[in-house]
Amino acid sequence: MDLVLTSEQQELRAAVRDLLTDHADSARVRTAMDSDTGHDAELWRRLGTDLGVLGLAVPEELGGAGAGHVERSVLAAELGRALVPSPFLASAVFVLDTLLALPAQPARDELAAALASGERIAALAVAEDGAGVFDPGPSATRATRSGDGWRIEGRKSPVLSGEVADVLVVHAVTDDGPALFLVEAGASGLTRARLASIDPTRRLARIDLAGTPATRLDGDAAAALSAAGDRGAVALAAEQTAGIERAMELTVEYAKIRVQFGRPIGSYQAVKHGCADMYAAWEQSESAVRYAAWAADHDPGALPLAAAVAGVYVGPRYFEVATGMVQYHGGIGYTWEHDAHLFYKRAKSDELLLGTPGAQRARLAGLLNI
Amino acid sequence: MDLVLTSEQQELRAAVRDLLTDHADSARVRTAMDSDTGHDAELWRRLGTDLGVLGLAVPEELGGAGAGHVERSVLAAELGRALVPSPFLASAVFVLDTLLALPAQPARDELAAALASGERIAALAVAEDGAGVFDPGPSATRATRSGDGWRIEGRKSPVLSGEVADVLVVHAVTDDGPALFLVEAGASGLTRARLASIDPTRRLARIDLAGTPATRLDGDAAAALSAAGDRGAVALAAEQTAGIERAMELTVEYAKIRVQFGRPIGSYQAVKHGCADMYAAWEQSESAVRYAAWAADHDPGALPLAAAVAGVYVGPRYFEVATGMVQYHGGIGYTWEHDAHLFYKRAKSDELLLGTPGAQRARLAGLLNI
Amino acid sequence: MTTTAEDRLHEYRRTLRAWLAGHVPENPTGDVEEAKAFQAALHDAGYSGITWPAGSGGQGLGPAEQQIFAEEAAAFEMPVRPFLIGMGMCGPTIVDLGTDEQKRRYLPPLLRGEEIWCQLFSEPGAGSDVAGLQCRAVADGDGWVLTGAKVWTSNAQWADYGAILARTDPDRPKHGGITMFVVDMRAPGLTVRPLVDMTGGAPFNEVYLDGVRVGPDDVLGQVNAGWAAAVTMLGHERVTISGLRQKRSSGLTFEALADLGRRHGTDPVARDRLADLYAHQRVLELFNARMRQETVAGAAPGSRGSVGKLAGAMLLRRAVDTAGHLAGANMVAWEDGDTGAASLELGTNSTPASNIAGGTNEIQRGIIGDRILGLPREPQVDRGVAFRDLTVGTQTSAAETSSEQTPKGGS
Amino acid sequence: MTTTAEDRLHEYRRTLRAWLAGHVPENPTGDVEEAKAFQAALHDAGYSGITWPAGSGGQGLGPAEQQIFAEEAAAFEMPVRPFLIGMGMCGPTIVDLGTDEQKRRYLPPLLRGEEIWCQLFSEPGAGSDVAGLQCRAVADGDGWVLTGAKVWTSNAQWADYGAILARTDPDRPKHGGITMFVVDMRAPGLTVRPLVDMTGGAPFNEVYLDGVRVGPDDVLGQVNAGWAAAVTMLGHERVTISGLRQKRSSGLTFEALADLGRRHGTDPVARDRLADLYAHQRVLELFNARMRQETVAGAAPGSRGSVGKLAGAMLLRRAVDTAGHLAGANMVAWEDGDTGAASLELGTNSTPASNIAGGTNEIQRGIIGDRILGLPREPQVDRGVAFRDLTVGTQTSAAETSSEQTPKGGS
């Protein structure tokens, strides 16, 4: 296994970081998160077209870069580090991975290419009643044949980037079992309502489908969601790990210059040892992500366990580190003006996006056969 | 509710502490724990006869002091503070409380009086297969009629103070349901084997009964064990809380005199803040115990919840504090010679004696109806 | 038969309970006029300044009555928020340290609910280290001119007066050159700006002072003895915070989270966490109750209040974690108008405040270690050094003063 | 076709693997004679001193071979324990700092498994603060006389030589007056006593020195430069500890606890804890693997080894907690001969050692904070002060010396 980035991968990281330094500093992040769409369309275009990184894990024949999950984890990390509000996770991770786990078919191939270029944005409408993003639960959403196509009746919530998406990948139950469908943004009977969220840098929506026309995708929906869930967990863990690193860096930086009682607060063990624990959490998270991303590319059989370990370990660590970030910044860290709260809120939304910590550990326990 | 000890209760505490200062210092504790019986018979006599405190929660008509659970919690605390190896918990708490929860009857009344004076020692033989002390589980121990009496067939483990006991209170299943029985130490077919234990200050045994003659006690066994379990949890929490206090005191004392890098280690935040957390754990544990002991005496309806809260909160805190005690003592704390390890091991045995932390929280959850 | 003290207290409680039931608004609006009216009603009924001396306009009663008031008030959401600082901190400090003229001028309008006070201690560069404050009071004639910035000031937007700490002598060591003044919050040169916190709300303010004049009659206590005055005032704060705990709805109590569990369903792991949360919440309640009983019995709580403060803050962190186990993605996003979810969000986002404001967890642990356990102090590198030679906050040059800084908050 | 470096390493691994399979005893007794024989066999096969220079009797190979050895050895329980300190720490230090005569005298018998070494650094009063050591080396003729006490000395009971730190000049600041000597462990005046630890075992010793003579040829490095020599040696320790991790049975691994769960049954809460334990164990393994890959790629691990040390210690605490969830009262008492339960007990009781020995968790966090994150140091109150004016350990008077003290262990 390779746990160290190659020089090409490090160059990719530098290129993305350069782009985001120029186009996604704190002020721009705040502008984007407060905008109507909740993201910066211009930055999206740069990622998709100029840098061409939205399809890093997509084969070249489907319009992607033909790199892999290690490369995509590097991109996810940089976006997470800068807290970039974007449809990346929904469109270029959750949906793309789901599509790639289905058999080749025109509708899939066409959409994958459009997502890899950033030309279109998609969202995964699977969860109902506030479950994790990949969890259809005991789905109450039904799809029935209607002429050549299908019509869907049901409600999906939460749907990450559901409002901004051009197309939705919807999980619904048919007479012959669960399946995935494509629903266009403009389809009849489709309504989308923005949900309130703890995380100002994320947009989530409720989707109502009332006899909405849909295109059925061939393939095993459960298997595709499971495969995509593992890959999505890797990208999410990469984002979280980079968040840990950045939160730690900013905290350490502040602890060096903030003086109380005649010396920098970073010289006090309460703060110093807290920062050391952040560092230990980061080193281990980074190792978990490196391995899981490598497994996604080179040892798919090991991926479910590797992804579950990363999810179980990294999620709570990010929130702990972000909590420490606010704490060691003291009053300034509690203001809206400072970015600490954005890390805190992102860490909480990331921790719960794929289900409760207990559910994630239960999944790991299942894989471990305990 | 009264959460503050009266002056009489404080005097009781002082009297017991005086006795234990004279007769249960570290050297005597170590002699007792290494002795054949695992306790100091002379000290037991002093507690039972000279001080007359073994029956504090036993009504006067049964030969007790007619005080209450608050008083007994004070005694339990002092014994716990000094890490006294003794059959107190088994005989004067677990068995006595079980007997008192049964209806009056000669066998019960006679034994209760003998236990209250310390003249006899009893042990509760309920657990099988390593369950918590009050947990018969799916009992495989059977009692069958034999002439006027009963005979028991089965195995009990662990039995606290089972080897030293003069009489055992055994839980066994009859044709008409579970019941409690008295089994004399010399009864035929009774074998007792000392178990290995993590806690050198505690003795536990396996008890084998092979057609062993027994006297049946009237009354609802399950109800009696449940009632006694609540009261036992209070006494145990009192012991643990005093252990927390003593471990903290010794740690603070050492942190004031141990110098490293030119200053006392207690001046470093890593140690100081750790000691502060010990103090916060102690204050809250003490409050939980004061309330639960008060409830045992004055508000029995509130006792199950109060006892469960004390058990859930205090147990893990004691082990945390004892872990900190060893840690902040450094190398010396890791030696056999220093008492820190006795607190560490007692804390672990206390934490698990009544079942896993998860089982204790599940019981609390049940009481809370969640 | 004579009336015993116990009978008298019982009667006090009975009367009070009836009064509260009849006078506390059912659905308080929370606005300042309502608070003023309610404080006036409290005063008229004899419940304003219960333990203050009669000579200062108070009721001259003892801690037993105060405790009864706290217990009975706990059942209500009393609209007294704007008066907590005046009645709990500034007023008692004036009682302790004020001149007769100051008592005459400031106490009656405060007791009657006519004037609101705020406290101006914290600065961008002086959070945990309050004595590191940089707000300058430069002598000018027989008075002083104040220049600097204060943060985290509750009430400043509607306060009439503030108790402010300012540095009158930077050549003395930091604790020795501070004076406490009464400042007119509407004085020229004083600007109040709302400070948006991470919940998105603005319950606090920044206060900028640019050449604000105070006179010799505005000194509270003695010149350069402001640190002692501040310690006096903070001693009252502890009592206020622990004594007047009011019913508050929060999404992070065991009860609220148990409801959440009932709505979303629970699994054994969530129940395990929830039971543990209950135990932690309950032992803290019992600790607070025990403290109150000991206080009534005559034992001063002293620094043990830090235990309650610290444990309360840690309890909220535990509750945030437990909430995640119960709510999962429902804690990430929810329907507009779902008040349960919104209250969980508010609780989650305000939990850091409980761990920072009024002395961080780190400060509380230090207090417990130093004052209760008697552990040796850390080396104090700023003792005995003239303030002007110290670095404070995040200033990069010694010449820099607070008025030139961006607000930075306290640590 | 030429042989590439990769082919060569591959061949090295293949040969080594076969050799280990053929020579490591299946059920090692753990006694010292077995270790000597095995070390001799390693030497004869060319696996003793892999990276030591050929001129010092080593194999003169690089970190790649060392890494391969570590990887292959990890599958075996090699009986080399008594040689770990000599081969891992003392030997490399002699390579670095020894005179030609010292290299000639000490290295070959060490490499051949004939002489065992120990390291005499820790003292009752000098645990975390190693430089606070009190063992005196008083000049006497052209040599010195050593008086003092050392603790936590592995191997002392069978060691031939020890590398000892002693204070040659108490008038210098504490780091500046220390010298490292080679001491004959059978010299008159030197007493070794087993030290019983909290597990009841005695893997360590106390060593008392009462007038033990050392000569000028016994100085390792320079007089009063013993601190630098110690830093050199401790640098090798880090590499040894991280590089030569061996297969060890423990009751506290995920695997052992999962077995425990299978025996006693699990509930969802226990499974939850066990899964979390697995995740923590696994990420630490992955971190260690990543460190090794980076080391092979040429990045010196530096202080990042402290992360592994700290995380490993915390992992064991977590495992102890998890074990309770699985075993309950079975962890309190068990049948004699239940090796699973006994190994859980041993793990539980030795977990504190992992959190203390080789630098406490607190020291590791300080290293990470200071050296990796570059956070400012704490005020160092003992810098620049003559050692004789410092208080160290738990001494109550400055005149007190270590030989008059009861052993106190390190913190």
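For clarity, chains are labelled A, B, C and D in written order, and residue numbers in each chain start from 1.
Assume contacts are C-beta pairs under 8 Å (C-beta built on N, C-alpha and C of every residue); 3 or more make two chains touch, one makes a residue touch a chain.
Since the model is a prediction, treat every value here as computed from it, not as a measurement.
Novice: More contacting C-beta pairs: A-C or B-C?
Specialist: Between the chain pairs B-C and A-C, A-C carries more contacts.
Novice: Using each chain's Cα centroid, which is most distant from the centroid of subunit B?
Specialist: Most distant chain from subunit B: A.
Novice: Approximately how many whole Å separate the CA-defined centres of subunit C and subunit D?
Specialist: Chain centres of subunit C and subunit D, defined by C-alpha means, are spaced 52 Å apart.
Novice: Need the CA-centroid distance for the pair subunit B / subunit C, whole Å please.
Specialist: About 43 Å separates the centre of subunit B from that of subunit C.
Novice: On a C-alpha centroid basis, what's the spacing between subunit A and subunit C, in Å?
Specialist: Comparing mean C-alpha positions, subunit C is 40 Å from subunit A.
Novice: Give the residues of subunit B that touch two or more other chains, as numbers and ranges in rising order.
Specialist: 263, 268-271, 273, 358, 361-362
Novice: Which residues of subunit D are in contact with two or more other chains?
Specialist: Residue numbers touching two or more other chains: 267-269, 272, 362, 365, 378-379, 381.
Novice: Give every residue of subunit A touching subunit C within the complex, in rising order.
Specialist: Residues of subunit A touching subunit C: 127, 130-133, 157-158, 193-199, 202, 204, 206, 254, 257-263, 265, 268, 270-271, 323, 326-338, 340-341, 344-345, 348-349, 351-353, 355-359, 361-362.
Novice: Hey, which residues of subunit C end up touching subunit B in the complex?
Specialist: 258, 261-262, 266, 268, 271-272, 274-276, 278-280, 282-284, 286-287, 289-290, 293-294, 297, 304, 307, 310-311, 362, 364-366, 368-370, 372-379
Novice: Which residues of subunit B touch subunit A once you look at their complex with the stated criterion?
Specialist: 268-270, 273
Novice: In the complex, go through subunit D and note every residue touching subunit B.
Specialist: Residues 122, 124-129, 132, 151-152, 195-198, 200, 264, 267, 269-270, 273, 317, 320, 324-336, 338, 341-342, 345, 348-349, 352-353, 355-357, 360-362, 365, 378, 380-382, 385, 390-396, 407-411 of subunit D touch subunit B in their complex.
Novice: What does subunit C use to touch subunit D in their complex?
Specialist: Residues 267-269, 272, 378-379, 381 of subunit C touch subunit D in their complex.
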